[in-house]
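Have a look at these structures, which come just after this line.
In the two complexes that follow, subunit A is the common piece, with subunit B as its partner first and subunit C second.
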Partner chain A sequence: MSVETHLTIILGGLLLGGLYGLIALGLTMVFGVSRILNVAHGDFVVLGSIFGLLITTFSGLDPFLIIPIIPPLFFAVGVLFEKTMVKRVIMRNTENTLAVSILATLAFAMIVEDISFFGLGQAGLNYVSLRVFLQPINILGFIIPTTRFISLIALVLLAISTRIIIQSTTFGRRLRATIQDRELAEVVGVNVSRMSALSFGFGAALAGISGLFLAMITSLTPFQGLHFTVIALTVVILGGLGSFIGSLVGGLVIGLAEAYTAFYMGTNWARVVAILVMIAVLVVRPSGIFGGRR
Partner chain B sequence: MKLGRAIIPISAIALAAVASIPLYSSPYIISLLFFLFTFIGLAIAYDIFGGFTGYYNLGFGAFFAIGAYTFPILSLGKLGFQAHPILAFLTAPLVSGAAAFLLSYPFLRLRGAYFAVATFGLIPLMYNLARNLSFITGGASGIQIIVTEFFGMLPGFYIAMAVTVAAAITHHLIKRSRVGLALNSIREDEDVASEYGINAFAVKRLVYVISGIFAGILGANFGFGLGVVSPDGILNLEIALAPLIMTIFGGPASLLGAMLGASLITLIQEFLWLNMPFFHLATYGLIILLVAVFAPRGVVHIGVKRRAGRSLTTAPLNA
Partner chain C sequence: MKVPNNKKISRREFLAVSSAAAAGGVVGGLAVGGIAGYFAGQSAAGPERTITQTVTVGGATVTTTAVQTQTVTRTVGGLEDAPRKIKIGATVSETGILTASVGLLGKAYKAAEQLINQTGGIYVEEYGRRLPVEIIYYDDKSDPATTERFYTRLATEDQVDIMIGPFTAVNAIPAATIAERFGVPHIDGAAAEKPIFNKKWVVGVLDLVEKWLTAYFEMVDWYRENRGYKIETVAFANSDEPFGNEVSDFGIKLAERRGISVVGHEKYAFDTQDFTPIITKFKAEDPDVIIMTDPVGILQAIFWKQAFELGLRPRDFHPAFGLLKAVRDAMGPQLSDGITSDDWMPPELPYESDLGKKFYEKVQAAAGYKHEEYPWQTIHYACLEIALKAVHVAGTLDKEKIREALYSMRINTIGGPWHAARPPDEFAGRGTILPVPIQYVGGVKRVLWPPELATGEWVYPAPWAR
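This part shows the complex of A and B:
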């Protein structure tokens, strides 16, 4: 097999893995701040690709040009989700919040998936895809698929800015403080309730932008939302809770494993890889690769 | 106490009455009873693990699917040897029980929300395995089951009923036993239970396997009754999550709750299937949402005020 084939697979795997890492990071941020496991998190990913598809179809813009539109839009969606679904519906039950949150967000996921499937079907679309075809470029004799290469650069920039937001801004400091110790954060003046809304917005923004990129490199159906939540959880089990580096490394492991499985055994098999990896990790190292209690 | 003694003759008469319904009713009623008893049995089987431990086992449908597939795979000789149908039928629960035993090692190390979402991964895993291993499972179109001597929903209904009774008796016996007490303490506080010498992992594994065995035999019977086993028919979300929703709706760790929840949800679903051309999944989601918000401890506990220091079914789900 040629070097180019491997390069293409690795490029695809890194891209996919980076996206999984960002999706998982959003999931753990939300869980860390609000103690709610948002089962519908993966549906924000799918909604991101659906929104991307709709915007590009109706405005004729290039998918790369709408990258700046998606994060603020989904930030608003996430905050809205927190203000309505979480505060009004889930928090009504004070005694059994986590159990109710699993059921309620699962139900929300099913409703969103069914309605978006119906809507897309009405528009004559069975799957969501935003393929951009650009001529492959030739660097030092290697043929590089341009779309994936540009996506990877955009993804690296996205990951760096996410890291800066979490590590160096006031918002990031408050976010980390709330995850580490909710009560103590409140004592030192962090508005924990507001952080919950912002964390949902932040998580949804990460999920939405990941969905846009995913639609550019692969095609997905509305029913894949729950699948992405399971993948994100696998990444969390691999990489540890709330750790930026852990999420990224866990995501890259899954992404590369999926890319190679898709090449050697077909895309049908790529879908089971994440779950098999999760089972294997739980058998070998129940505390995950990066440790931490769960 | 009087009711307690009378419950055996009363339920025997009720079962005999239900068992005689097929003698004078239409095939539609028989199929409805078949679904009803399959889901009551599944809800009770789910409750043996999920209700007693307070864990949310979103992957329960996987054991149902393993049973459903094992029966035709063995009886139709998909693995190269053909087993007698009855032998294949009885092997199905053993295979799903063995799967539960093996899967208990990775999954029962997780708690709370992690357990719920991780076990949910089993549903897409089984779905994709069923689709991809098409030389055994028939792929997306599934396997037609043609067992000439015994076929159809009528024997399926009687088997489902018998399994449901067996599951109910098992449920009752576990609840009354030392294991039941251990499960109770695990649900209240697993760490404290372990401190006091309960082998939490072994106890959880025991009921996880029992729950899986019942799911397996009901799965085999379900495929046998329908006459076809396919990924979309056996592993769709509505079937996979039904037992969980039913037990929570009815009231966890309660035989009456499981029966009530399964009956109500099955009838609601039947109504939806007959009257709504689409949005089944969305409507089902809406039902789950309403259950989660208004009856998170089940309809059997509606109106029951929580006494201080004694929780009924609330599970400590903090990870």
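This part shows the complex of A and C:
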């Protein structure tokens, strides 16, 4: 197999893995702060792609130009979700919040998926894919797919920005404090309720922008939300709950594993890899790769 | 080979053409009269009589002879007081992943129903009068389980007289099984996989789907021999389900018989998002032709978009559903120009049916689509033509008699002459219609094959590969 073939697979795997990492980071952040397992998290990814498609279709804007629009938009959607679904539905039952959160968000996911499916179906858009076509770059004889390359750079910048926000800002410090010990954080003056809303907003923003990138390089269907939630859970389990680095590394591992499995065994087998990795990690190291360092 | 040109025609040629047209017009007029009898329906077949008519056009005299069936009027009443309706059942993928292919078929069915009833319904001899048509259809959501449930309902609760199959194998196979179980005459539409046939109650409008690429490879032969096209390697990609597998597996045999090397054969699921692994493999082999088959269509656009991004440039890309406007729109003009594909029953073909092309144009106008936007719907429309004719030929709504009519009759559909293969054919019930290869050049469709129907030459290599 040629070097170029490996480069293509690795680039695709890194890009997909990086996006998995960002999606997982949002999920782990929400769970860490509010102890709510948002099963509908993957649907924010799909919604990100749908919004991207709608905005580009109606405005005629290039998909790359709407990158700055999606995060604030989905931040607002996430906060709204927390204020309504979480506060008014899930938190009303304080006895068994985790179980209620799973059921309620699953129901929400199903509603969103059916509405998206119906809405897109009426428009004949059952596969969400943004029409981006840039001629590949030829560097020293290697063909580099431009859209993926630009997306990867944007993703790296996004990951660095997220890292800075979490590590170096007041919001980040409060967020980490809440994840580590919710009660103690509240005692020292952190507005935990506010942090919960912000974490939902932040998580949805990461999921939404990931969906936009995914629609630029691949395609999505309205029913893939749960798939992305499962992938995110796998990445969280692999990387370690609440770990930023763990999420990114876990995402890259899953992305590369999927890419190579699809190449050698066929695309049908790629989905199985994530599940096998999750089972293996749960058996060998339940706390995940970076779980012990928290 | 017939290739379009803009050559001016002489007066002599014009007169020859006009004379022939006049003759055709007279014969056609008589045929239309017969059709009017069939649909106006207040008639019973009587003794035949020969009509000889002479017309003069532009100084040339043309004599035509045609046989017309004498009609006897037996007016019983309007459609509103008909003793019953001819109930035709079907499902349509109005939602789900197959919407892009047949999303407006339900509207087409209802438009056809309305137009047929406006024309006077269908004459059924047993009732001695015309009967209205009612087409009952449900949205199968592109889902086999839902399809199975609705065909069961059509057979049991709705008690339809005849059924038209749903779109594509994953739905058509269970639908045919239901028809067989409940003994309802069933006309399979845009699906012709082997498991559908060799049943008592099922016939299909199309020949076996595995023959999909037969005409394409015949065309390859001709162009290799006569134009020196260099086509030595081919790669196949298909969805891992009956339709994709049958087309690719037989296509591989067709290629190998011609000494064309098959350098790749990859399968994928309907929910595949990323085709990078397949594209990477194909790129390493650099095939002259890539043939991609799945019933979703839009996946072919997604593949092609990703293939372009990754620098894969075959000399011909032949997506099975590249004809679909939705697929070409998803590719964009730059990527779709030059692709080849296959069309079924394109309006460019010179076939006429009992209902006629004009009637189908009215159906399309009422349902809001054109053939190029939903070509598979034309196949299902041909099923309707066959269903109505079968009832008329049977002269009754007795299911066994309709079944016999389906197996015995030979008719012209909008897609060409049709009959069902009879036992002992291994796939009894299969139809006769096959696709024709086409290509989009500069946004305009050309029929490439067979030579007598071709409207343009095959541009190879495609523009992107130069």
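Going forward, the second predicted complex is superposed on the first by the 288 of 294 C-alpha atoms of A that agree within 3 Å, B and C clash if a C-alpha of one lies under 4 Å from a C-alpha of the other, contacts with A are read in each partner's own complex, and residues count from 1 in each chain.
By our rule, a residue touches a chain if its C-beta (ideal position, glycine included) is under 8 Å from a C-beta of that chain, and two chains touch if they have at least 3 such contacts.
Not measured: the values here are computed from a predicted model.
Asks: Should the pairing of subunit B and subunit C on subunit A count as a clash or a fit in the superposition?
Replies: When both complexes are placed onto subunit A, subunit B and subunit C end up side by side without any clash.
Asks: Give one of first, second, both or neither to describe whether A:Thr267 is in contact with subunit B, with subunit C, with both, or with none.
Replies: second
Asks: With the two structures laid over each other on chain A, which partner does A:Ala259 touch: subunit B (first), subunit C (second), both, or neither?
Replies: Second partner only.
Asks: Taking the superposition on A as described, I'd like to know which of subunit B and subunit C A:Phe118 touches: first, second, both or neither.
Replies: A:Phe118 contacts both subunit B and subunit C.
Asks: Tell me the contact category for A:Ala107 with respect to subunit B and subunit C: first, second, both or neither.
Replies: First partner only, subunit B.
Asks: Who does A:Thr147 touch here: subunit B (first), subunit C (second), both, or neither?
Replies: Only subunit C; A:Thr147 stays clear of subunit B.
Asks: Which partner chains sit in contact with A:Ser219 here, subunit B, subunit C, both or neither? Use first/second/both/neither.
Replies: second
Asks: Which partner chains sit in contact with A:Leu134 here, subunit B, subunit C, both or neither? Use first/second/both/neither.
Replies: Second partner only, subunit C.
Asks: Just checking: does A:Arg285 make contact with subunit B only, subunit C only, both, or neither of them? Give me first, second, both or neither.
Replies: After superposition on chain A, A:Arg285 lies in contact with neither partner.
Asks: After the superposition, just quote the angle formed at subunit A by subunit B and subunit C, using C-alpha centres and rounding to the nearest 10°.
Replies: Placing subunit A at the corner, the angle measures out to 70 degrees.
Asks: Could you tell me how near the closest CA atoms of subunit B and subunit C get once both structures are overlaid on the shared chain, in Å?
Replies: Nearest C-alpha atoms of the two chains are 5 Å apart.
Asks: Do any residues of subunit A touch both subunit B and subunit C, and if so, which are they?
Replies: Overlap of subunit B and subunit C footprints on subunit A: residues 118, 227, 268.
Asks: For subunit A, which residues are in contact with subunit B within the complex?
Replies: Per the touch definition, subunit A meets subunit B at residues 31, 35, 37, 39, 89-90, 92-93, 95-96, 98-104, 106-111, 113-115, 118, 226-227, 229-230, 233-234, 237, 268-269, 271-272, 274-276, 278-279, 282-283, 286, 294.
Asks: Contact residues on subunit A for subunit C in the complex?
Replies: Residue positions touching the partner: 1-2, 5, 8-9, 12, 16, 117-118, 121-122, 124, 126-127, 129, 131, 133-134, 136, 143, 145-148, 214, 217-221, 224, 227, 259, 262-263, 266-268, 270.
Asks: Hey, which residues of subunit C end up touching subunit A in the complex?
Replies: Going by the criterion above, the answer is residues 94-97, 99-100, 103, 240, 266-269, 271-278, 280-281, 283-284, 296, 298-299, 301-302, 305-306, 308-311, 326, 330, 332, 334-335.
Asks: Which residues of subunit B touch subunit A in their complex?
Replies: 56, 58, 103, 105-107, 109-114, 116-118, 120-122, 124-125, 128-129, 131-132, 237, 241, 245, 248, 278-282, 284-289, 291-293, 296-297, 306, 314-315, 317-319
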